[in-house]
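Per-chain numbering from 1; labels A, B, C, D and E assigned in written order.
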Amino acid sequence: MWFLEHAWIIPFLPAVSFVLILAVGKRLPFGGSEIGILSVGTSFVLSACTGVAWIQHVNAGGGGEGGEEALGLAARAAEEGHHAIEPIVKTVTWFQFGGHEFPVGTMIDGLSVIMLVTVSLVSLLVHVYSTEYLKGDRRFTHYFAFLSLFTASMLTLVIAQNTLMLLTAWELVGLCSFVLIGHWWEDKPNSDAALKAFLTNRVGDVGLIIGVIILFFGAGTFNIVDINALAAEGGLSHLILLMAAICLTAAVCSKSGQFPLHTWLPDAMAGPTPVSALIHAATMVVAGVFMVARFYPVFFEGFSISSSSINLLAFVGAFTTVVGATLAFVQKDIKKVLAYSTISQLGYMVMALGVGAWTAAIFHLFTHAMFRACLFLGAGSVSHAAHHTFDMRKMGGLRKYMPSTFATFVIASLALAGIPPLAGFWSKDEILAGALQGQTNAYPAMLVLGCMTAFMTAAYMTRAIWMTFFGEYRGEGTPHESPRVMTVPLWILAGAAVVVGFFNLPEKLAPDSIALRFEHYIEPTFAFPEIEHPEFSFLLAAFSILLAVSGIALAWRYFAHNRGPHGLTERSAAAAWGYRVLENKYYLDWLYESVIVQSIKGPIANGVYWFNQHVLDGVVNGAANVSRVTGNWLYRSIDQGGVDRLVNASGAGAEGSGQLLRRIQTGRVQQYAALLFAGAAVLAGIFIVII
Amino acid sequence: MVAENIAFGLIAAAIVLAALRVVTTRNIVHAALYLIIVLAGVAAQYFLLGAEFIGTAQILIYLGAIVVLFLFGIMLTRAPLTGESSLDNDQRWLAGLVGLLLLAVMSYALIDQFDDQELPADTVQRTSQVADSIFSTYLVPFEVVSVLLLAALVGAIVIARKD
Amino acid sequence: MTDFLNDWGLTLVTFIPAVGAVLVMAMPKGDDLLVKVVALAASLGSGVMGVLLLLDFDYDHAGELQYVVDKNWIDVINSRYIMGLDGISLPLLALTLLVVPLCIIYSWNHLPDPGKPKAFFTLLLILETGMVGTFLAQDLILFFVFFEVVLLPMYFMIGVWGGPNRQYAAIKFFLFTLFGSALMLVSFLALYFLGDATFDIRLLPEAAAGIASTTQLWIFGGMFLGFGIKVPMFPFHTWLPDAHTEAPTVGSVILAAVLLKLGAYGFIRIAVPILPEAAKDWAPYIGLLAVIGIIYGALGCLAQTDMKRLIAFSSVAHMGFVMLGIATLTPIGFNAAIFGMVAHGLITGMLFFCAGSVKDRYHTLEISRLGGLLTQVPKLGWILGFCAMASLGLPGLAGFWGEFPAILSAYSPAPGLPVETFRTYMVIAAVGTVLAAGYLLWLYQRTTFGVPKEEFADEEIAQLSVFEWVAWIPMLVPILVLGIYPNLIFSVTDPAVEKVLHSLVGGG
Amino acid sequence: MIALLAQAGGFTAPTIDYHAFAPEIVLTGVLVLVLLADLVFERDKWLIPSLTGIGVLAALVPVLTLALDGTDRVMFDGAYVVDDFALVMKALFLIAGYVVILLSTNYIAEGDYHEGEYYFLLLSSLLGMSVMASARDLISIFVALELLSIPAYMLAAWRKRDLKGNEAGLKYYLMGVFASAVLLYGMSLLYGVTGSTLLTEIGAQIGAKPSSVPFITLGILFIIVGFGFKVSAVPFHTWAPDTYEGAPTPIASFLAVASKAAGFVALLSLVFLAFPGRSDVVEPLMWILAAVTMTVGNLIALRQTNIVRLLAYSSVAQAGFMLAPLAVVGDAGQEALTAVVVYLLIYTAMNLGAFAVVIAVARRTGSGEIDSYRGLFQYSPALAVLMSVFLFALAGIPPLAGWVAKFVVFRALLSAETVSGAVLAVVVAVNSVIALFYYANVARLMWFQDAPEGETTSIRVPFSLSAALGIAVIGTLVFGIFPGLVTHFGDVANLAASAIP
Amino acid sequence: MLLNQFLLLGAVLFCIGVYGVLSRRNGVAVLMSVELILNAVSINLVAFGAFNGDVAGQVFALFVITVAAAEVGVGLAIVLLIYRNRRSVDLDQADLMKG
C-alpha cells in the first residue's frame, strides 16, 4: 500500500536527477550518467514494487484505504453491483479558481502500474546503453539530464490524477523530445526535425487543450476518475463526449504519430538512436495511446464503440497501420524503417482501442515496447559498428561481425512480425480477434487492414534484416560487435520480447491461474465501460501466422534468392508509379506544403520547382511557411501600412493645416487689425441675426 | 428745438465730411487740418448735449495739444507734404468692406434699440457735478489716470529720445 | 509593526523611489558609483518595504483591501489620497518591486549610450513610483496621476537611450498613450458627475449603478480606449513594437514587465467592476480584439527579422490572452489574466534581457546574422531557451498558467455573454498557442542552434557576467516556481477577483 | 486735499479704507521711489531691480494681511471691491511680477537698456493689474486696463535699436488701441442701455431684459472682443507671436502671463457680474472663441521654428483652454470660475518657467531658434530637465501641474452636463494631444539629439534667474502633486459673494 | 433731439475711423484715424449721459479723452522710434516677423 500511495517518488527521482545532473554532472567521473542510471534504476525498482503492491491490492479485492476523492462515486458504483477496484488517489492542493481548489496528485491503477514498469524499464536500459553509445559526445551531460527529465515527464504522465497534470506532463514530454531530437543542433536538419516534432505536437496539443476544457466544463472537474465515472455512467451528454473525443483524437494523432500528423516521426530519427528507442518504445509516442486508454469511457461513449462497426479512432488506427507498413518498405535508412514500423504498430494499438479491445491495445503497447526498444537499440548497435551510418545500402553481412546484435534483432523482428510464441504474436492476435468480434458489431474493415499489415510487417522486417545482416558488407572499414554495455540491454529486451507474451495467455490455451493475468490486473473495473472481451480464435491465429510466415517467405525469396518480380518498377509503369508514391510518402507532405504555399508563392514554375525540391518537407514546415508569408504580408501591408499610416497621416494633416493657418500671420499689422475688426463685425452680425 | 436740430445736422455733416477727408486725403498735413474740423465739431456736439465741461476739455486737449502733437509728429517724420497715393495701402477695399459691415451691424442695433427716443429736454449737467463725481465715486480711476499719465510721459520720453 | 505598516507602508513603498530619485539628482556629478548605489538602495528600500508588506499581509482576507490609507488630497473635487493593497494588486506590486532593482543591477555596467547614469536612474526611480502607485491607488484621480507619471520617464528613456529610430518611437509611444488617457480622464469625470460625486474606486460600483445604460457604454468606451491602448490591444498596438525595439534593454524590460500591465490592471480594477453592465456589452468585442491580437501578434512575429522586435510583437499576442481572460468576465478568466500579467512580465522581461545581452555581444539583433549562440555563449542560449519555452506556454513554467486558464475560461464565459462566440475565440486562441510555439522556436533555432555565422565565428564572445546572473536569477526562479506551484498567485488573487466580480456574476 | 475739496461745496468725501488700498499704495510708493532712485543713484545698477523686487514683495504683505482679515471690503458703492477673488489675483500678479523682475535683472542690466524707467513702467503696469483685480465698474476697468497696457506697449518696444523690437511695440500698440476702441464702444453701449457703470447694476438690468436684444448683444460682444485681444484669443491673437518675438523676453513672459491674466480677471468680473443673465450670448461666443483659439493656436504652433513664437502660439492655445469653461458658464457657474482661476495660477507658474529657461539658454546661444536647443541635455542637463518639466506641464502630463489645470477645465465642462460642454471637452482633449506634438518636439531636440560641436560646458545661470526658475519649478511640481493647494484658491475666489454690494 | 442722431453720428465716425486705420499706411495717419474712433466713443458716452440724465457718461468721456491723449503721445513716440530706425513710417514695411 505504501508504494501505491507514494508513487509520486517514482517520477520525482528522475526529476531530481535532472537538476542534479545539470548542476554537478560535469564534475562527476561519468559525466552525470551515474546519477541518471541510479535514479531511473531506483524508479524501476519502485515501479516494480508498485506493481507487486497493485497485484496484492487487486487480490485483496480493492480493500484498504481507497482513493480519497472517488469515494462517493465508488459507493454509487458499488450499489450498482460492480465489484470495482478503485484507483488509489493521493492529492495535495495545487491552485484555486473562483473559490474552488484544484489538487495535484497521483492516481495508481493497473494501467498506471504497467506503464510505470514499462517506462522505467526501457528508460533504464536506454540509460545504460547510452553511456557507451554517446561516449565522448560533447553534450554527454546534458543528454543524460534530459533523458532523466524525459523519463520523469513520462512517469508523471502515467500517474497523473487530473487532466491538467496530464497536459503538463504531455507538454514536458514534447519539450524533452524537442531537446533530445535536436541534440546535435549544429546541423540544421536536426534542429529542423526537432522543431517539426515540437510544432506538430503543438498542433495536436490544441486538441488536447480543448478536449480538456470541454471535459472540465462538462464534468466540472479536472479529475480523471470523476470524468471517467461520469462518462461511463452517462452523466455527460453524448455531444460533449463526442466533441471531447474528437479533440483528444487530434492530440493522439500528433503525439502517437497517427495519420495524418505522423510526418514528424521519421524526421525525429535525427536524434541519437537511444533517444529514438525511448521515444518509440516507451515514452513519447505511446503517450497518445495511453491517453486514449486513460479516457477510455470518454472515447467509448463518444464514438459509440460498442454499437458501431467503424469509428474515427478505429479508422485512424487501421489506416495508419497500412500507411506505416507500406512506407516502411521503401526506406533505405534502417531507422526510418523502424520509425514507419512504429507508426504502423501504434496504428494497431489505436485501432484496437477503436474496436473496443482495450486490453489488447495495452498489452500490445507493453509487448511492443520490449521488441521496439530492442530493434532500435539494435539498429544503434549496427550503426555503431558500421561507421555511424544508418543507410542499409552501406551495410550487409553484419551477421558475421556482430552475432549478439544479429540474434537479438532477429528475435525482436520475429516478435514484431507475430511469430508465435514470441510476444508480438499474442498481443497482435488479440487485436485482430477484437476487430473480428467487435462489441455488438464486428469491425470488418479494421480486420482486413490489420491482416494486410501483419503480412507487410513480416515482409519489410525480412527485407531490413536481409539488407543489414546478410549478403556482403558494403560499407567502409571493418565492423565490430558492440561492447557489453550495449549488448546486455539488447539481450534483456530480446528476452522480454520472448516472454512477456505469456502474461496474457488466452483462456483456451492456459489454465485459469495463469490465463488473462494481464487483463485481470490491468484492466480497470472502476469507472470503466462494459467491454466485450474477444475470444481467442484458432482460425484467426492460424491465419495470422500464415500471413506472417508467407510474408517472410516471399520477402526472403525476393531478396535472398532473387526470385519474384524483380525490376518490376522498371518494367511496369504502374509499379513504378506505385513505388514513387511510396517513396514520396504518399505525397502527403507535398499536399500540405505546395497546395497552400503555391497559392501564395505564385507562378506554376515556382511550384514545379517546389515540387521537386521540397516534396520531402513536412506539413509543419508548410503551415509554418504559410504563416510566415501571411505574417509578412500582414505586417508589411496592414500593420506598417494601414494602422500606422493612419496615425502618421493625421499627424501630417495637423502639421499641414498648421502651415496653412500660418498664412494668416502675414506680419502686417493692418491686416491683423482688419482681422480684428472683421472678426468683431462678423461675430456681431452672426450673433445679432441668430440670437 | 428745431434750431438745435439744424445745428446738429450742419455740424454732423461737417464732421462726417471732414472725417472722410481725414481718412482719404493724400496730404498728411491736410489730414491733420481736417482732423481739427472733426474735433471741433465733436466739441460743438458736446455743447449741444449740454456737456460744457467736456466740450471745453475737448477743445483744450484735442485742439490745443493733440493736433499740435500730430503736426510735430508729421514734421519729425518728414512725411512728404505733397499729395501722393502712398498714404494708403492696398487693402482699401477690404477696409471699406469691414467699415460698412460694422456700420450696418451697429446702426441696426442702434435703431432697433432706441428707434426714435427723444433726449430729455434739460440735459445740462454742471461742471461741479462732474467734479464731485470724479472725486468721490470715480476717485480710483482718477488716481489711476494720474499714474497713467506719468507713466506715458516717462515712457514716451525714453522711447522717443535719441540715444 | 503592523500599525506602522498600516499607516505608512503603502506610502513608503510608493515614494521611497521618488525620494531616491531626488537624492540621485542631488548627487555630485562625476561620482557614478555613488549614483548607482543610491539608486539601488532606493529601489531595494522600496523592495524591503514591499517584502514587509507581503509578510504582514493577511492572506486569509486577500479579497479585502489592506493597509488602507485615506487622506484628504483635493478637497474641491472630493478626490482623496486612498491607497490599498489586495489580492489583485499584490502580485503586480511584487512584480514591480522585483523588476526595478534587477534592472538597476543589470544596468550597473551596461548603461546604454549615451551613459548619463544620473538621469537614467532618476527616471527609472520615478518610473517605479508611478508603477507602484498605479497598482495601489484606490482613487480614480490618484490612479490617473500615477498612470501618467510613468509616461514621461519612459518617453525619455526611449528617446535618449534608445536605438536609431528612437525619436519616432518615443513620440509615438507618448502620443498614443496620451490620447488614450485623455479620453480615460473624460470617462472618469463622467463617472464622477453621473455617479455619486466620488472618485473612490471602492464606492464607485454602487454609485455608478444608477447611470443610464447607454451612457455607461460610452463611459466604458472611453476607459476602453485608455486602457486598451496601454495594454496594447489590436489595433492600438502599433506603438508597442517601435517602443520596444528602440527602447534600451532596461526600458524594454520595464515596458514589458510592468507598463503593459497597467492597462489590463485598469480593466480589472476599474472598468469592469464599476461598469459591469457595460462590460458585458463590450466583452464580446474585447474578446474579438483579444483573439485577433493573439493571431495577429503571432503572425507579426513570424514576419520579423529583428529579435527584439519579434519579442515585442509577441507581447501583443500574450496580452491578447490576458485580455481574453478579462473579456470572459469570469473568475477563472480574471485569475488567468492576473497570472498572465505576472508571467508575461517575468518571461518577456527575461527575453528582453536576453536580447539586450545578445546585442551587447554581437552588436546586432538581426536574426539572420545570429546563430550558434549555444556554442559561443551556452549559458545565455540555455536561458533564452528556457524563456522561450516559458513564453510559449509550456506547462510547468509560469506562462502556461496565464494562457491555459484564459483559454479555459473562454469556453464558459460569464452568464449573459454569447457562449458560441467565446467558444470560437477559445479555439482561435488555442491555435494561437501553436503559432506561439512556431515563432519562438523558429527564433530559437535561428539564433541559438547551428554554428555561428562567419562574421562572429572567430570573435571572442564574453560569457555571462556576474551582474547578469544577479539580475536574472531572481526572475528565472519565479518562472519555474510559479509554473510548478501556481497557487502562490492564484490563492492570493482568487478571493479578490471573486469580490471584484461579485456584482457581475456572484461567483462561478 | 480731499478734505479741502469737501469743504468747498456740497461734496461728501468718500470714506476710504486704506488697508484695502494698501497694496496699491505700496506699489505707487515704490514706483515713485524707483523713479527718484534712478535719478539719484546712477552708478549702482543693482539697486533699482532690488528695490523694485523688494517693493513688489512688500506689496504682497498687505495682500496677505487682507486675506487673513478675511472680510470683503466694498467701496464706492461697489465700484471697487477687495474680496478673496481680488486678493488671489493680486497675489498672482505680484508674484508673477516679481518673477518677471527676476528674469529681467540680468537681461536688462546686460542689455544696457534704460533700467530705471524699465522697472518704473513694469511697476506701473503691475499697479494697473492690481487695480484691475478689484475694479468692478466699467470706468475703473477701462482705466486699469489702460494703465496696465500703455506701459506694456512701451516695454514691448524697449529694445530700441532693434527693428524687431520696434515692430513688436508698434504692433502691440496699434492692436491694443484698436481693441480698446472696440471695447470702449461696447462699454458705451452697455452704459447707455443701463445708465450705470457698475457691473452689478448692469448685470441686474440687462439680466432682466428680454432674451434677444441686438443692442446688448453688440455691447457684450464688443467688450469680449476687446478682452479677447488682451487674452490673445483667435482671431484677435495676431499681435502675440510678433510681439513676443520682438519684445525683450522678460516682457514677453510678462505679456504672456500677467497681462493675459489681467485680461482674464476683467473678463471674469464682466462675465460673472455684468453678464450673468446673458449666457445666451456669452456661452456660444465663448464656445466659438475657445474652440477656434485652442485649435488654431495649436496647429500653427506645430510649424514654429522660433522658441518664443512657439511659446506665443502655445499661450494662444492655452488661452483657448482657459476660455473653455466660460462656454458653459450658465450651467457650471462657480465651477467655471474656479477652473479659470486655477488654470491661471498654474499657467503662470509653468509658462514663466518656460520663459525663464528660454532666457537662460539665449544667454549662451543668443538665438531663439528651436534648433539651438539641440542636445541641451548633454551640456546643460539641469536646464533641459527644467524646460522639459515646464513643457510637459503645459502639455498637461501628471504629476506636473498642467494636468490639474486641464482637469479643472474638463470638470467644469462636464459638470454642465450639456452636449455642447461635452463636445468642447472632446475638443479640448484632442487639442491637448496636438499640443503635445510641439512640446515633445522641443523635448526631443533637447534630449535625443546631439549637441552641436564644441558645446560642452554647461550654461551659467545667474542667481536671479535661478531664483525665478526655482519659484516656477516648485510651483509647477507642488501644484501638480498637491492640487488641493491650488484648487483651494480657485474655490475661495468667488465672485458671487461680491455680486451683492 | 433724438438720441439716435448722436449715436448714429458716433457709429459713422467710428466706421470711418476703422476704414482709416485699415487703409492708411502712414503711421501718423493711422493715429489720426484712431482719434476718430475715440471721439466716436466719446460722443456716444456723452449722448448716453444726457439720455440717462447721469453724470457718469461725462466722467467716462473725460477719462477717455485723457487716456486718448496719453495714447497718442505714446503712439507718436513709437512711430518716431520706428522712423528713426527705418527712415520711414510706412506700416506695410514693418513685417519682419510673421508666420
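The rule is short, and it goes like this: contacts are C-beta pairs under 8 Å (C-beta built on N, C-alpha and C of every residue); 3 or more make two chains touch, one makes a residue touch a chain.
What you see is a predicted model, and the numbers here were worked out from it, not measured in a lab.
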| item | value |
| --- | --- |
| Joint neighbours of chain D and chain B, given as chain labels | A, E |
| Length of the shortest touching-chain route, chain B through to chain C | 2 |
| Top chain pair, ranked by how many C-beta pairs fall in contact | B-E |
| Middle chain, criterion being Cα centroid separation | C |
| Chain at maximum distance from chain A, centres defined as averaged CA atoms | B |
| Chain C-chain D separation of Cα centroids, rounded to whole Å | 43 |
| Chain D and chain E: spacing of chain centres that average the CA atoms, whole Å | 25 |
| Between chain A and chain B, centroid-to-centroid distance (C-alpha), Å | 103 |
| Distance from the mean Cα position of chain E to that of chain B, given in whole angstrom | 7 |
| Chain E residues counted as touching two or more neighbouring chains | 7, 14, 17-18, 21-23, 25, 27, 30, 47, 51, 56, 59, 63, 67, 70-71, 74, 77-79, 81, 91-92, 94-99 |
| Contacts with 2+ other chains: residues of chain B | 89, 91, 94-95, 98, 102, 105-106, 108-110, 114, 137-138, 141, 145, 148, 152, 155-156, 159 |
| Junction residues of chain A - those touching two or more other chains | 651, 662, 665, 667, 669-671, 673-674, 677, 680, 684, 688 |
| Pairs of chains, among all present, that meet the touch criterion | A-B, A-C, A-D, A-E, B-D, B-E, C-D, D-E |
| Contact footprint of chain D on chain E as seen in their complex | 7, 14, 17, 21, 27, 30, 34, 37-38, 40-41, 44-45, 47-48, 51-52, 54, 56-57, 59-60, 63-64, 67, 70-71, 74-75, 77-79, 81-82, 85-86, 91, 94-99 |
| Interface residues, chain B side, partner chain D - complex | 105-106, 108-110, 112-114, 128, 132, 135-141, 144-145, 147-148, 150-152, 154-156, 158-159, 163 |
| Chain A residues within the chain D interface of the complex | 651, 654-655, 657-659, 661-662, 664-665, 667, 669, 671-673, 675-677, 679-680, 683-684, 687-688, 691 |
| Touch list for chain A against partner chain E, complex | 662, 665-670, 673-674, 677 |
| Complex contact set, residues of chain D against chain E | 138-139, 142-143, 146, 150, 153-154, 157, 160-161, 163-164, 166-171, 173-174, 177-178, 181, 184-185, 187-189, 191-192, 195-197, 241-242, 245-246, 303-304, 309 |
